[in-house]
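Shared between the two complexes below is chain A, which has chain B as its partner in the first and chain C in the second.
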Partner chain A sequence: MDLSLSTRTEGGRTIVEVGGEIDVYTAPKLREQLVELVNEGQFHLIVDMEAVDFLDSTGLGVLVGGLKRVRAHEGSLQLVCTQERILKIFRITGLTKVFPIHPSVAVAIASSD
Partner chain B sequence: MAIVELRFSALPEHVRTARLVAAAVARRAGVAETVLDEVRLAVGEACSRAVGMHQDRVDDDRPVTVTLDDGNGRFSIEVNDGVPQPTLTEEGLAEGAGLVPDLSANGSGLDLIENEMGLAVILGLVDDLDVRAGAEGGVIRMSWPSGAKSAETVG
Partner chain C sequence: MRPAYGGDGGAVERTDYRAVPVPAPSASDPAAAYPLRVLLIEDDAGDAFLVEELLADSPDPMEIVWARSMAEAMVKLGEDIGCVLLDLGLPDAEGLNGLHRLLLFAPRTAVIVLTGLSDAHRGSAAVAAGAQDYLVKQEIDGSLLSRAIRYALERKRADESQRRLVESELRAQENARLERGLLPAPILRDPSLDFRARYRPGRQRALLGGDLYDAVQTADGRVHVMIGDVCGHGPDEAALGVNLRIAWRSLIFAGLTGGELLTTLERIFEHERRSDEMFATLCMTIIEPDRRRGRVYLAGHPAPLLLTPKGIAPLSESATGPALGLFPDGRWSHESMELGTDWSLLLYTDGLIEGRIGPGPERLGTDGLLPLIGRLLAAGHSGYDLIDSAVAAVEDLHGGSLNDDVAVLLLRHDPERPLYGVQGEHPVLPGQTTGEDDTA
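Here is the complex of A and B:
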């Protein structure tokens, strides 16, 4: 399965809905999307990963890159994920300390108000 | 003992194929369903790293080789990047073992983890891991218990 990306605005936040597999082949598309949003002036991002089937370290690197970019503008990047196999990768790499990870988009929006 | 060998040009689009093949062979070898996600992720990380080793190397058409072996009660995966490199020293291995970044200092570790997390993920996933480098290329070898009987227990 390839990568699917869609964006919308909700509660003053930009939601990036990601689906499919994020790996060394597809991660550059996600990077382009995040860079584009930041270049458009959207600095408060929520990446919804509920439809992600696979995530590797390349994908993690892209998310970290996105975090660095929004932080440079006093922004934020939060994640939505409840899938244990995806959460495990964040735990292994210690990135649960870096990203706020929420169970739903609604909770992510509420927590950043 | 049964061996499956996969060779592919060092291109990102082939890493998914390697993951799928490894998971299929692991399942057939009797690796527990609960471990298959780890196998898929670990082989993907090793292959992504191998593909990365070929970046910026002009006229480099040596393939990445993935060898899957379910002998002796273990399912093992060996990924050879095919890029000749200096032999790893004990010191180098020790440094590699410390690749899981310390994120307690906010921000300072982000540059490191943005670029080099593949080995950290493999180290976190795989108990039986061997990383070597030499004139024949860099090799990452990993193994998990399989459902296959070892030579000692058969019969």
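Here is the complex of A and C:
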């Protein structure tokens, strides 16, 4: 299994669409992508996780790292996720209090205005 | 031939231990009893024909299996293939990407890369990336090719034995360090409590993890049990896990407990970690001296399971605070536990629930773990046998060894055994204070 990544801009936000499995093998790709966006000056990110099948603690670490990077520039990192098994991982780790999690990209964009 | 290749940006090191043995026709015995099977991955029919013709005159019997694409090669690449001849300009694998995929799929097979005159420079890059040799197509003749194949086989065998030697030495050293550092001797003196722990490193040595646990009975009679997991894998994480465990034990000895302990532990963690992306999940349970009640703190860690004659249930549905190191000034509350008299607590790290349960992306999860443990209990498993059977059942579902490391603790209170004695009947450890607010 692998990780797919694509980015686009919508409503002044950068949407990172992630698909597949974010684990110890693939998390570095996501990290590179987030670092690259921040280096390009994109500080308001929405990570769309609707197509993510699996997320482990290394992947969570990368998301946390991304959040810390954008916050250093007064930015934001929001998540889009409705999958119960992924949401559960965020609840267990206490990250639901750290990441704004939205049911759709449209809601995420609207809420961050 | 493709004019350019994609580089190795997508390559991820993932050594597979599924053994694909290299057939061992002795080099000193060229007339080996069976022909060596060589897989030729080449999209150009003309080039493929040429290679077959060249090898037809070889003094060693060789059988050529031809694949026109990487996809076809993956199907034809069985255990009987001794050597692969790989063209670097395949329709479905640009440049070294094909080689990476091949080595991932069949790490034990010797590979010779075929290049054209125009991209001969790629040959040395391929050797650096793990191929045994490279040949420029325009310069090949029959004897050169068969000699190169024999040579590649020998070299692959030598590389393999060297790798195994180094790997087993490293693993032995690492395991020794791990056992000393991560895996402590618990400090428990209550005969009514039975503590069992198992730690299994992940399938791959590269995935040495940062699982940690400890159990300490303090002078006030309370028992503190902790399990945690430094996110990520590698020596840094494992070392940080050791630091965290020692820090936890020190703070317990110094009389700290509960949320105050976690706040201090987090400060230590933040100073000790290498990058601020690192965080750790931790679960701490505190069992009161009467052994009937307790508290659980969940710093982003899966909740322990409470096993009683009535059934199995997680101690909490969600975290009582964030994982350590996420954000400054984390605060942790707790949930109270009513244990009864006949109980066990099963604490674990997420390696136990992240295993697959089928060909799809589904994982076991806490929802799957509960019935699995229930079945084992019903079948009469207990103690180490319960832990080992649980790990074995999870591995069975996963279809092999788990990727992540796993720690599982089982703390059982046996009502038949004498309860822990009254205060003063036990030695007080240096630096320990007696209970400050234990009025029960």
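Observations on the model:
We take it that the second predicted complex is superposed on the first by the 113 of 113 C-alpha atoms of A that agree within 3 Å, B and C clash if a C-alpha of one lies under 4 Å from a C-alpha of the other, contacts with A are read in each partner's own complex, and residues count from 1 in each chain.
The rule is short, and it goes like this: a residue touches a chain if its C-beta (ideal position, glycine included) is under 8 Å from a C-beta of that chain, and two chains touch if they have at least 3 such contacts.
Worth saying up front: this structure is predicted, and the values here are computed from it rather than measured.
Annotation for the three-chain superposition on chain A: chain B and chain C clash. Once the two complexes are overlaid on the shared chain, A:68 sits against chain B and chain C alike. In the superposition on chain A, A:58 contacts both chain B and chain C. Once chain A of one complex is fitted onto chain A of the other, the partner contacts of A:85 extend to both chain B and chain C. When the two complexes are overlaid on their common chain A, residue A:24 makes contact with chain B and with chain C alike. Contacts of A:94 after superposition: both chain B and chain C are touched. Of the two partner chains placed around the shared chain by superposition, neither chain B nor chain C is touched by A:7.
Once the complexes are superposed on chain A, the part of chain C occupying the same space as chain B corresponds, among 3-11, 201-209 or 255-263, to 201-209. In the superposition on chain A, the residues of chain A contacted by chain B and by chain C overlap at 21, 23-25, 54, 56-58, 60-61, 64-65, 68, 85, 92-95, 97-98. Listed in rising order, the residues of chain A touching chain B in the complex are 21, 23-25, 54, 56-58, 60-61, 64-65, 67-68, 71, 85, 89, 92-95, 97-98.
Only residues 1, 21, 23-26, 28-29, 53-54, 56-58, 60-62, 64-65, 68, 85, 88, 91-95, 97-98 of chain A touch chain C when the two sit together in their complex.
Listed in rising order, the residues of chain C touching chain A in the complex are 10, 12, 14, 207, 229, 231-233, 275-279, 281, 298-303, 318-319, 321-323, 326-327, 350, 354, 360-363, 365-366, 403-404. Across the interface of their complex, chain A is touched by residues 12-13, 15-16, 19, 37, 40-41, 44-45, 48, 51-52, 100-104, 107, 110, 113-115, 117-118, 120-121, 124-125 of chain B.
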